[in-house]
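Both complexes below contain chain A, partnered by chain B and then by chain C.
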Partner chain A sequence: MTTTSLADEVGRRDHAAWKAPNEAAYRRRERSETTVLAALAVPGLLLIGAIALTPIAWLFWLSFRSGSDFTFEHYERLLHPTYTLTLQTTFELSFLVTAICIALGYPLAYLISQVRPRLAGFLLLLVLFPVWTSLLVRCYAWLVLLQRRGVVNSWLQDMGLIDAPLRLMHNFTGTTIGMVHIMLPFMVLPLYATMRSINRDYMRAAANLGASPVKAFWGVFVPLSFPGLFAGIIIVFVLCLGFYVTPALLGGGRVMMWSMQIERNVTYHSDWGAASALGVVLLAMTLAILWGVGRLIGFDRIVGGR
Partner chain B sequence: MTAVNGKGSAISLPISIRNVTKTYGTFTALDNVSLEIASGEFITLLGPSGSGKTTLLMVLAGFIRPASGEVRFGDRDVSLLPPHKRDVGMVFQNYALFPHMTVAGNVGYPLRLRGVAKSEIADRVQKVLALVQLGELGTRNIDQLSGGQRQRVALARAIVFEPRILLMDEPLSALDKKLREQMQIEVRHLHQRLGMTTVYVTHDQREALTMSDRVAVIDKGRFHQIGSPRDVYERPESRFIAEFIGESHLVAVSMRGGTAHYRDRPLQLAEPPRHPSGQQFLVMRPEKLKLLTGGEDGLNVFEGTAREIVYQGESTLLYVDLPDDVEVAIRQPATSVGPALPAPGTPVRLGLPAGDTMLVPAERAP
Partner chain C sequence: MLRRPATETQITHGGRLWLYVLGGLTLLFLILPSLLVIPLSFSDSRYLAFPPPGWSTRWYEAYFDAIEWRDATAMSFTAATLTMVISTALGTLAAYGMHTSQSRFTQLAYATFMLPLIIPGILIAIGIFLLYAHLGLNNTLTGIVLAHSVMAIPLVVILVASSFKSYDMNQEMVARSLGASRPWAFLTVTLPQIKTSVISAALLAFITSLDEVVISLFIAGGDKATLTRRMFNALRDEIDPTIAAISTLLILISIFLLGLTQLLQRSPNQQPTPGNEPSPRQSAKA
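Let's look at the complex of A and B:
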C-alpha cells in the first residue's frame, strides 16, 4: 500500500481538525453523574469515619500512653503468662469452633443446596431462626440445657449412657457447644450461596467422564465450593477471636478469652491504656489473618468474584 | 454390527432404544420411542424446544431414568447402568468445563479417573488438543478461553478416553453464526476420522441437515420422521415436518378420484401421496417455485398478486397472495439474469415443477 486515496486523506485531516460541538456537554454530564454518585456515599463514609475509624485511632493512641507520657508498658505487660495463656485459649477455641462448624455446616449446606427450592427455603428458615433470637437468650437457654441436672444430662442418664452427670458448662466444652451453635449460621449461609450457584452440569460432566459420585464430589464439587468455605471460615474465625458474651456466660469465668481480658481491664482496673493495647493486638491479629488468607487464595475468590 | 479400527478393537457401538417412555407428572416427555442407531452413524435428534430430544439424550447418558423401556449399547443392556459406568463421551450445551482446572487438567480428567499413567496422560492430552487445534493452550485457565475454544476443549475432553459413543447436546448453539458453521464442518470431519457412533441434539434444522447421516425429527415426545437429510427435506411425511424443516408454505388441496386438485385444476405430482387419508397439503418451498413469463410445460401453475419484496442479500424473497387468503413466497437468487421481480400489487404467475410437487397429510397416520 503506497497510495492513499484522496477520500482517506481528507477523512483523516477532517478527523484531526474537527471537534464535535457537543463533546464538552457529554463530558460535563459524565462528571456530574460521577459527582452525584460520590455524594450518595458521603453520609456512609462520614458515619464510618466518625464511629469506627476515629475510636480506633484513639484506641491506638491510648495504648501508647501512660498518664501524659509515651510508653510501651501496656504492650510489654502482654508478654506475661496470663495474657499469653489467654491468647492460646482464644486461638484454640476459635480453631476448634471453626473446625466443628465446617464439619456440621458443610453437610447441612450441601443438603439445603440439593433439595427442592421450597424445602430449601424451609431449611434455611430453620438455620436463620436462631439468628433472629437474642444472643443472650440463647446462651441462657444453653445454661439450662447443660447444667448438672439439665435436660442433656438427665437424658444421657435415663438412657443409661452415663452414671454420673457430665460437667458440660463453665468449662471449655460448654463454651465450645455454645459458640458452635451461635456461629453455625455464619458458616452455612456463605457455603449455601456458593453451592447453590454450582451448575449441576459440572457434576453430570464428572459422572459422564467416569467419576463415581464420591470422586465427583471430592474432585469437582468441593473445589468449586471453596469460595464459600473460605468466606465461612474467615467470618466464623474472626468473630470467634473477639467473641465475649457466650464464653463469658458458658465458660463461667474459667475460659479466659482475649475479649474478657479487655473487659476486665476496663471495668475492674479502669486501665484504658492496657485495654487499648489488647484491642490493638486483637485488631492486628485479625488483619494479619485476613491478609494471610487473602495472599494464599486471593480475595476475589472469597468475595465470590469467581 | 460393530465398526473395528486397524488395531482390531471396536471403535463404535450400535445403540438400540426400545419403547422408552418418560413422564413428569402428567407431562409425557418421551412417548414410547424406539430407534436403532447403526454403529458409527452420525444421527441428529432434531426438534423444537420441549420436544423431548434432550430428555432422550439424557436417557442415553444415564442422567434421566426412563419410566419404562430399554437402552442397549451393542449387546449390552445399559438401562440400569449409572452414568459413570457407561463410558460414553458427552459435550454439554454450556460445555461444563471445570473452572478449577486448566485446559489440560480438564482434558486429562477422564484419563486420571481411569488410572492411566501420568506420562501417557500428558501424551494423549497433547494429541487430542492438537486434533481440535488447541495444541498450545494446555496451560490456560478456562476463563481465558473464547467460546469457540471452550467448545473445542469440551469436545477434546469428551473424546480423549476414546468412547465408542459420543453424545452432543446443542454444542454449537452458543457460538456466533460464522463460527458455528465452521465448527459444524469440523465436528463432521472429526466424526469421519474417529468413527464413533454420534448422537447429536439440535433445534437448528440447517445444522441437522449439514451434519447428519440420518435425522430423527422429534416433537411432543414422539418421532415424526427418521431419514437421511435429503429425505426429510425433500420428502416430508407430515405437515409438521414440512413446516419445521426449511421454509415452506402449505396450500390445502382437494382429492378427487385419486387426483389432487388446486382450485378445480388437477395437479401433476412427483409421486402419489404417501399417506392419502385426510386433508392433503401442497408443500410450497420458496426456492422450488419459478416466476413464469412464458412456457409452463411440466409445471403446476398458480396465479396470484405480488405483495412484498424482502431483500436478503444472497437472494430476494417475493411474497405472493394466492386466492382464498393463501400466502406463498418465492426466492430469487441474486443474479442479474432471470426475470425482474414484479412490483407489489401486480399479478404474477408461479410455476412449481411436477417433480417438486409434494403432498403431505395434516397429521401423519399413526
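Let's look at the complex of A and C:
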C-alpha cells in the first residue's frame, strides 16, 4: 500500500511538473485555433461590409450634408405633406397586408399542422412554391388576372356578379392583393413551425378538464402559437415597409410607397440628400420595430422563426 | 367520414369543413395565379384572355428571336452561377468558422451576416449604386455578382449554420485525433454529412440572384441588363405576352430547383433537419 501511494505521489509530482508548461501550450494552441477559425468568417464579412454597409454609412453622412455644410434640411423636408402622405400610405398598406396575412395564414398553418405528416409535407411544398417563383412572374400573373379585360373581371361578369368591369389594378386594391400573395408564405412558415412543436397532450388535457373544443383552441393552442405568430407578423410587416417591386408595378404610380419616393429622388432628381434622409428614416423604423419586438419576445425567436 | 373525430378535443371532420375549405382556397390563391401564366403563354392573341382563343408558340418565338432578351437571359444565368459559387463558398466557410470557433466575436459576426436581410432592399440598392458610381462598377458583371453575393451569403449562412446544429462535431475531433488535419477532416468527414444543406443553400443562392430585381434596376443597365431588369421595364410599359413565355420558363426552373431540394432531403443519407419531428422529451419541455 505504501509502495502504491509512493508511486502515486511520484506520478502526481511528475504530472504537476510538466502540467504547467503543457497546459500553457495547450491554451496557446486553442487561442490560435479560435482565431484562425473565426477568421474564416472574415471574407464574407468583408464583402458584406464593403458592398452593403459602407455605402449605407455614406448615405447616412450624405443625409446631413448640403454642399459642405452640416444640415437638417433633408429631414425637415420630410415633414412636407407629400412625404407624410406617403408615410401614411406605407403604414396603411403594411397594416392591411399583415392583417390579411394573419386571417388567411393562421387557418392554413393550423390546417397543415393538423393533417397527416405526408399530406402536410405536400401542402408545405405548395406554400413554398410561390417563394421559389420569381417575384416578377407573380406580379405579371396578377397584372394579367386583374386587368380590365382580365380573367377575374371576365369571370365575375360571366357569373353575373358585376355589370361593368371593376378597377382592380393600378390602385390600392391591386397592390394589396399582390402584396398579400408575396407575403403570405412568410406568415405561414413560422406559424407552422411553431404549431408543429405544440404538444398535443395539452389539448387533450384541456378536453379532460372539461374545456369545449373552441375554448381549448383559444385558451391553450392559440397562446402557445404566439411565438410563431409574432415572428410572422414582424417578418411580413418589416418586409412590407420597405417593399418596392409590387407597389411599383401593381400600383401603377397611384400608390406611393416610401421606397418609391427613395427611387424617385435618385433616378429622376438625383437628389441624394433627400433619398438618403428617406432611407435613414426607413432603416430607423425597421430597426426600431425589430428592436422593440426583440425586447418583448426575444430576438432568437424572430430570427430562428421557431 | 365527416362524423369521425378529427382531434383530441373531439371536433368532427364535418365541424371543421370550413377550415378545409378556407385552407384549400388559400392554397389555390397561392399557386394558381403563377400556374395560369403557363397556358396564357401559348395563346395566339395579344390580349391575355382565359381560356386563350387559340394556341400558338409565337410568344416563345418572339422571345428566342429577340437578341436583347437572349442577352439578358445569358447575363442573368452567368451572374446567378457566379453568385452561387462565391456565396456558397464564403457562406459555408463562415458558418463553419462561427460554429467551431469559441471566439466572443462569433455572435456579432452572425448578426452582421443577417444585416443584408434586415436592411430594406431599396436602401441597399441605392447604396450600392452610389458606391459603384465611384468605383466604376455600375453595369459590369463583377459589380452585379458582388452585389448579388451580398444578398445570397446570409441565406447560405442560415441554412448551413442550422445544419451544424444537428451535426456532432466530435466526429471531426475523432478524425483529427487519428491524424487528419482540420481542413482534411472538414472535407472528408463533415462536408459529406452536411452536403444536403450546402447544395440546398447553393440552389437558393442561384435563384436569389436570378430573381433579384431592385439592385439590378440600379446597377445592371446597358448591355449588362439582367432578365429581371428587362422584365420590370417591360411590365411598367405594357403587358407584353412575351413575358408570359419568359415567365413560364422561369416557373419551370423554380419547380425544378424546388423539386431538387426536396429530393435531396429525402435521399437515404439525409441529415435530420433541426426541429424536424421533435423528440418526445423536447415537446414535453416546450
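We take it that the second predicted complex is superposed on the first by the 263 of 306 C-alpha atoms of A that agree within 3 Å, B and C clash if a C-alpha of one lies under 4 Å from a C-alpha of the other, contacts with A are read in each partner's own complex, and residues count from 1 in each chain.
Keep this in mind: contacts are C-beta pairs under 8 Å (C-beta built on N, C-alpha and C of every residue); 3 or more make two chains touch, one makes a residue touch a chain.
Predicted model only: the values in this text are computed from it and were never measured.
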**Item:** Combined model on chain A: chain C and chain B, fit or clash
**Value:** fit
**Request:** Considering only touches as defined above, state whether A:W58 meets chain B (first), chain C (second), both or neither.
**Result:** second
**Request:** Using the touch definition from the top, say if A:A284 reaches chain B (first), chain C (second), both or neither.
**Result:** neither
**Residue contacts with chain A in the superposition, chain B compared against chain C** = C
**Message:** Tell me the contact category for A:A24 with respect to chain B and chain C: first, second, both or neither.
**Reply:** neither
**Message:** Contact-wise, after the overlay, does A:I162 reach chain B, chain C, both or neither (first, second, both, neither)?
**Reply:** neither
**Prompt:** Which partner does A:P223 reach: the first (chain B), the second (chain C), both, or neither?
**Reply:** first
**Prompt:** Which partner does A:R204 reach: the first (chain B), the second (chain C), both, or neither?
**Reply:** both
**Complete:** In whole Å, chain B and chain C in the superposition are separated at their closest C-alpha atoms by 5
**Complete:** Both partners, chain B and chain C, contact chain A at residues 199, 204, 206-207, 211-213, 216, 306
**Asked** Okay, in this complex, where on chain C does chain A touch?
**Response** 6-11, 15, 19-20, 22-23, 26-27, 29-31, 33-34, 36-37, 40, 47-50, 90-91, 93-94, 96-98, 100-103, 105-106, 109, 112-116, 118-124, 126-131, 146-147, 149-150, 153-154, 157, 207, 210-211, 213-214, 217-218, 228, 231-232, 235-236, 239, 243-244, 247, 250-251, 254-255, 257-258, 262, 275, 278, 282-284, 286
**Message:** Considering only the defined contacts, which chain B positions touch chain A in the complex?
**Reply:** 61-63, 82-90, 92, 94, 96-100, 109-110, 113-114, 143, 157, 161
**Request:** Enumerate the contact residues on chain A facing chain C in the complex.
**Result:** 30, 33-35, 37-41, 43-45, 47-49, 51-56, 58-59, 104-105, 107-108, 110-112, 114, 123, 125-130, 132-145, 147, 149-151, 154, 181, 184-185, 193, 196-200, 203-204, 206-207, 211-213, 216-217, 238, 241-242, 244-245, 248-249, 259, 262-263, 266, 272, 275-276, 279, 282-283, 286-287, 290, 303, 306
**Prompt:** Which part of chain A faces chain B closely enough to touch in the complex?
**Reply:** 199, 201-202, 204-213, 215-216, 219-220, 223-224, 226, 306
